[in-house]
Every structure is written in structure tokens, then in C-alpha cells.
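As written, the chain order gives the labels A, B and C, with residue 1 at the start of each chain.
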Amino acid sequence: MSGHTSALSARIEALLFYKAEPVSYKKLADLLSVSREELLDGLNELEKALEGRGIQLVRNDEEAFLGTSAAASELIEAIQREELSRDLGKAGLETLAIVLYKGPVTRREIDYVRGVNSAFILRNLLVRGLVERVEGEGRGYSYRPTTDLLSFMGIGSRSDLPEFAAVRAEMEKFAASDSEGSEGKEEKSDDAA
Amino acid sequence: MLEEQYKIKTQVFEGPLELLLDLIEKRKLFINDISLSQVTDDFLSYIKEKENFPLGLSANFILVASTLLLIKSKSLLPSIELTEEEQGSIDDLERRLKELERIRELSLHVKSLFGKRIIFGRLQSRERKPVFAPDPAMTMANIVIAAQSVLNSLPKKEMKPEVTVKKIISLEETIDKLTARIAKSLKLSFRDFAGHGTDSALNHEKKVEVIVSFLAMLELAKQGIIAVSQNDLFDDIHMETESIGVPKYF
Amino acid sequence: MSGHTSALSARIEALLFYKAEPVSYKKLADLLSVSREELLDGLNELEKALEGRGIQLVRNDEEAFLGTSAAASELIEAIQREELSRDLGKAGLETLAIVLYKGPVTRREIDYVRGVNSAFILRNLLVRGLVERVEGEGRGYSYRPTTDLLSFMGIGSRSDLPEFAAVRAEMEKFAASDSEGSEGKEEKSDDAA
């Protein structure tokens, strides 16, 4: 079952799922190399296939979008509350500390300094408005603390952080030892919008 | 702590098992004592060429080399009785090689699948605006603790193997020493040469010396400089010159 | 059809869709107010419902994740911007094979099989998010494959690995015949990870 032989509705589903935002019919038809008519048929088919499922197709005259089903709305609200109130935990605090002391810092650098992958922790910190993404120098994004975070912690300037220079220097020294290419999944990664 | 040196090994070295398996596969042999004795020489010459192993790794090589020499000497001198422990280490080596061989086969499956048909997660939705949601645990004190914990778990320079390595005399050196002493005395007890008595339990460095000496001895034996004979089952191995300079093969 | 009457599999689907990251079975069961057994049934049901669709379920021993189907991989790969590193090297492949087929497995066991210290290679795989550490039974950690690793290999679970069942059977046979433990004769692996 290659990408080309699977049903059009399944391919539309994969695309909309991945993009996680409304996509115009024109763009969909281009990406899937089908005509507008074929696309609309495919969308109808997908709509039917999704009946009774946890996700649904939302569309207007020009765009399509995949969202959670109306039936699940209570559940989703509960998840949102949980996400925002959950304890950051040791991993969350460590990641936050790296962003505070070393930011702006790339995900790759955070991963390397922590010795584990930080993709999902960073996602949570972003959703909670604790860190924000800025365009980095090269490809990819860097992360830095939000002003909300700084004022919550009563930090006027980052040099207010205890031993700021020393800790930052040590993190930088280590991050610099990352030999190019020895690591995997790069920045500009799955959380690139 | 700030002065700590960080050093991460950036190169991935093959271990002794990997090397052995390479050697066996190169000759298209099955893993058993016959194939192991056949590749022993290759293994030893590899060790001799590679002087600069990362610290710590050479000990592993020497240990595998000593097991190989048991296998090899048994094949040279079938009369040698192996202790239960020696036989155990031979069996263990064979078993580990077979397991590694299996893992290598399986790693080909991993290779054939990895990155070929990727299942992608959703991109992060731009539809969702961040909501500032602090955690009360975000205090200055906790952030400092977290930063310290990050710094403390950075990999440190590895220190200890240096001690091990100092104790491992190079193969050449031992061969030289051995040759010189053989020239002086015709009959020489291997046990004396290794420099330990009959009684005491061997400590690690002695053990390594014994292994290295044994290794050198067999190297010489192989070259036909000396003949190896064992007078008695539990006695020393005696070495004597046959006729120096004239190669003699077993 | 309210959130409470819709099928559990649909609610799991909505939740995983929304979270867009691996969610532990424990958290899923909590959020959905079901037992672990009910949850596992629901996951199996969802897996079936998704057959032939554009999205698919990925699971390891403790987490579930929703991603685009492997059949759609070409389509998505063409539009994604992430730099994918497919380079693993021989040591990386062998270590992954051990973790995939034998995991959860301690570093000692990995060192023993490979006959060499695996600290460096494991750290690299951790940073890449391909393996993760879990608290082992005794002291020390065990390593297991992440759902990311399975996703990267295009499989929904370890049991989809070639020869998986046969290898597990071999291992059990081996463990039974070797009860006095090869552990004792292990290489020294005292270097810090």
C-alpha cells in the first residue's frame, strides 16, 4: 500500500491531520495532484468515513480542517485544564532553567545539555506561555523566556539570576562540545508551525 | 566544579566482540572453537597495531585475547587440561558471539525500516494561543536547584581507566623481556616469570600481567623460538629454547 | 451523542488527536475515567477502526500516539520541513536492535551483548528521542523504544518488527537454559553515563 494507491480520502485525512490548520481546496488539490472535483468527492468520502469517530471534518467554501468531534468537546476542555495546571515536574523545571540561563537557545542545545529529547516538554512550556519561540540565526528556532515568566519570577534582568554568568558559561562550554552531525532530529522540527 | 573538564568520546570504537565477529565473518566461518582458534592470530595482530585504544577498552581486549589464547593453545596442545573456569569463559565467549551475531542480523531489519515510511505527528497548531499558566513550583530557589541538577548530570571526563592501562604492559615490551630472559636461562618457569608466588590470590594487575606474559609466550611459541611443554597437569608451564633463530612449527 | 455516550475508541482518538504527542496509558485512563483494561480494549478497537485510513496508532509498552499512516509517508515527507537524520551508524543500529527486540533492557545488558561500553551511543539515542529511560525493577534504569522510534520505522508497535515473535521466543528459551545468569561474568561497565 504505497502513498499513491491508498484512497484519496485517506490521503486527505493524512494531510489535514499533519497540517493542523485549515488548508485551502486549491492547495489540497495541488498537493494531492487531483482536480477540484475529485478533491470534493474525496472530502465527502472522508466526511462519511469520520462519522462516529473522534475527529471530524470542518469545511467552508474554500478551506477544510480536521478537528475533534463535537461529542468530545467536554473531554477536550478537561484536557486543556489539565495541561495548564499540571506540575511542571523536574524535567519541566530543568528545561525552564536552561532557557532562563542560556536562552535564546535551540532545541538541539537543550536536548544536548539535558541528555534527553525535550520536544514535548518544550511544547508544554510554549502552550503555557512560559517560553516563546524566536527565529534563530540559522535554520530553526530558538527559545527564550516570556516577559510573563520573568515578571512572575520577579526577574528584572537575567543577571538577577543567582550565579548567572558562571552557570551560563558552563552550559555554553558544554553545548559547544556537541560535535556536528552526531545528533539526530534537527531543529525546525515537528513543532515548526 | 566550574573547572571540570568535559570530554565526551566522540568516536565509537568497536569492542573486542565486534572485532572477533568481523574476523569470523570475513572468513565466512561459523562460531565455534575451531574458527576462534583460526582467527586468534588476526585478533592479536590487530591489538598490536592499535596502540591507542581509548582508556578502559584495552582491558576488555586483553581479557578476550586471553580466552582466545586458551582456545588456541588447546588446539595447539590438546593435552592441556582446561579448568572448569577456563572452559566456562570459552563457552561464554562463544555464546556472546552468537548473540551479537543475531543482533547484527536484527539490526539489518532496523536499517531497512528506519526512516523509510515515517509516521508523522501533527504539527503544532497555530490555532491555539498560549495561555500564561505558571506553576507555583517556579520559584527562584527551585530554578537554581534545577540548573545545578542540569550541570551535575553533564557527562564528566572519564578518569578511572588510566589506572588499569598503566598496569597493562605492552605486548612488545613483554616479548622483549621474555626473549632477553630466555636467552639467559634455558629453563624458566612461567610462574616465576609472571612474578607471583604460588599462594596468594592474584590481584587484578597481576592477572593482567600473567595474561600478557602468557600471550607473549604463545606469540613466541608460535614463531618457533621456544617450545612449550607442560610437565605436569597442575605444574608450571616450562619454556626452553629449542634452537634460537630456527623456526619450528608445531 | 454526548461525550459520555460516544464509543471509547472515538474518545481516545479525540484525545490523542488533540494532544499530538505520546500520552501514557495511565494518563489516558485517568482522563477518560476508565480502567487500564478498558483502555487497552479501546486502543485495540481504535487500531482496527483506523485500518486503511490516513492516520494510525503507534504504541509502545506505556504510551500511545496518533500519527499519519505509514502509507501516506511519501505525501507528508514531501511537504514537511524538518531535517530528518537517517544516519545511525553500525553501533547505533545494533543498540537500537537490542532495545527494540529485547527492551526494556539495562545498560549493563547492552554493554554485555555488544562487548563494549555503550554510554556514548545511548546518550546519543536519548538525545534524538529514539530511546527513553524508565525506572528499572532494581536500581538503575532500563531503556525502551520510544513511540518516536516506532514512528520513524513506520510500525504501529514492536510486534510489527520482522521476526519479533521468533526473537522473543528465542530469548525465553535462552533465559531458561541459562538461569544461573551470565550477568556475573560481565565486562566492567563502570564508566559514568
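One rule holds in what follows: a contact is a pair of C-beta atoms (placed from the backbone, for glycine too) under 8 Å apart; a residue touches a chain by one contact, two chains touch by 3 or more.
Only a predicted model underlies this, so the values are computations on that prediction, with no experimental measurement involved.
Here the chain at the heart of the structure, going by C-alpha means, is C.
When chain centres are defined as mean Cα coordinates, B lies farthest from subunit C. One finds 45 Å separating the Cα centroids of subunit A and subunit B.
The geometric centre of subunit B is 32 Å away from that of subunit C, both derived from CA atoms.
With centres set at the average Cα position, the gap from subunit A to subunit C is 21 Å. For subunit B, residues touching at least two other chains, in rising order: 8, 10, 120-122, 124-125, 155.
Counting partner chains per residue, subunit C shows two or more touched chains at residues 17, 20-21, 66, 68-69, 71, 73, 76, 80, 84, 123.
Those residues of subunit C lying in contact with subunit B across their complex are 17, 20-21, 56, 58, 65-71, 73, 76-77, 80, 84, 86, 88-91, 93-94, 96-98, 100-101, 112-117, 119-121, 123, 150-156, 161-163, 167, 170, 182, 185, 187-188, 190-193. On the subunit B side of its complex with subunit A, the touching residues are 2, 6-8, 10, 120-128, 130-135, 137-140, 142-147, 149-151, 153-155.
Subunit A contributes residues 17-21, 84-88, 90, 92-94, 96-98, 100-101, 113-115, 123, 126-130, 132, 146, 148-149, 152-155, 161-163, 166-167, 169-171, 173-174, 177, 179, 182, 190-193 to its touches with subunit B in the complex.
Residues of subunit A that touch subunit C in their complex: 1-7, 9-15, 17-18, 20, 31-32, 49, 52-55, 66, 68-69, 71-76, 78-79, 82, 111-112, 115-117, 119-120, 123, 139, 181-190, 192. The touching residues of subunit B, counted against subunit C in their complex, run 8-10, 12-18, 56-57, 59-60, 63-64, 88-89, 92, 95-96, 99-100, 102-104, 106-111, 113-122, 124-125, 155-156, 158, 160-161.
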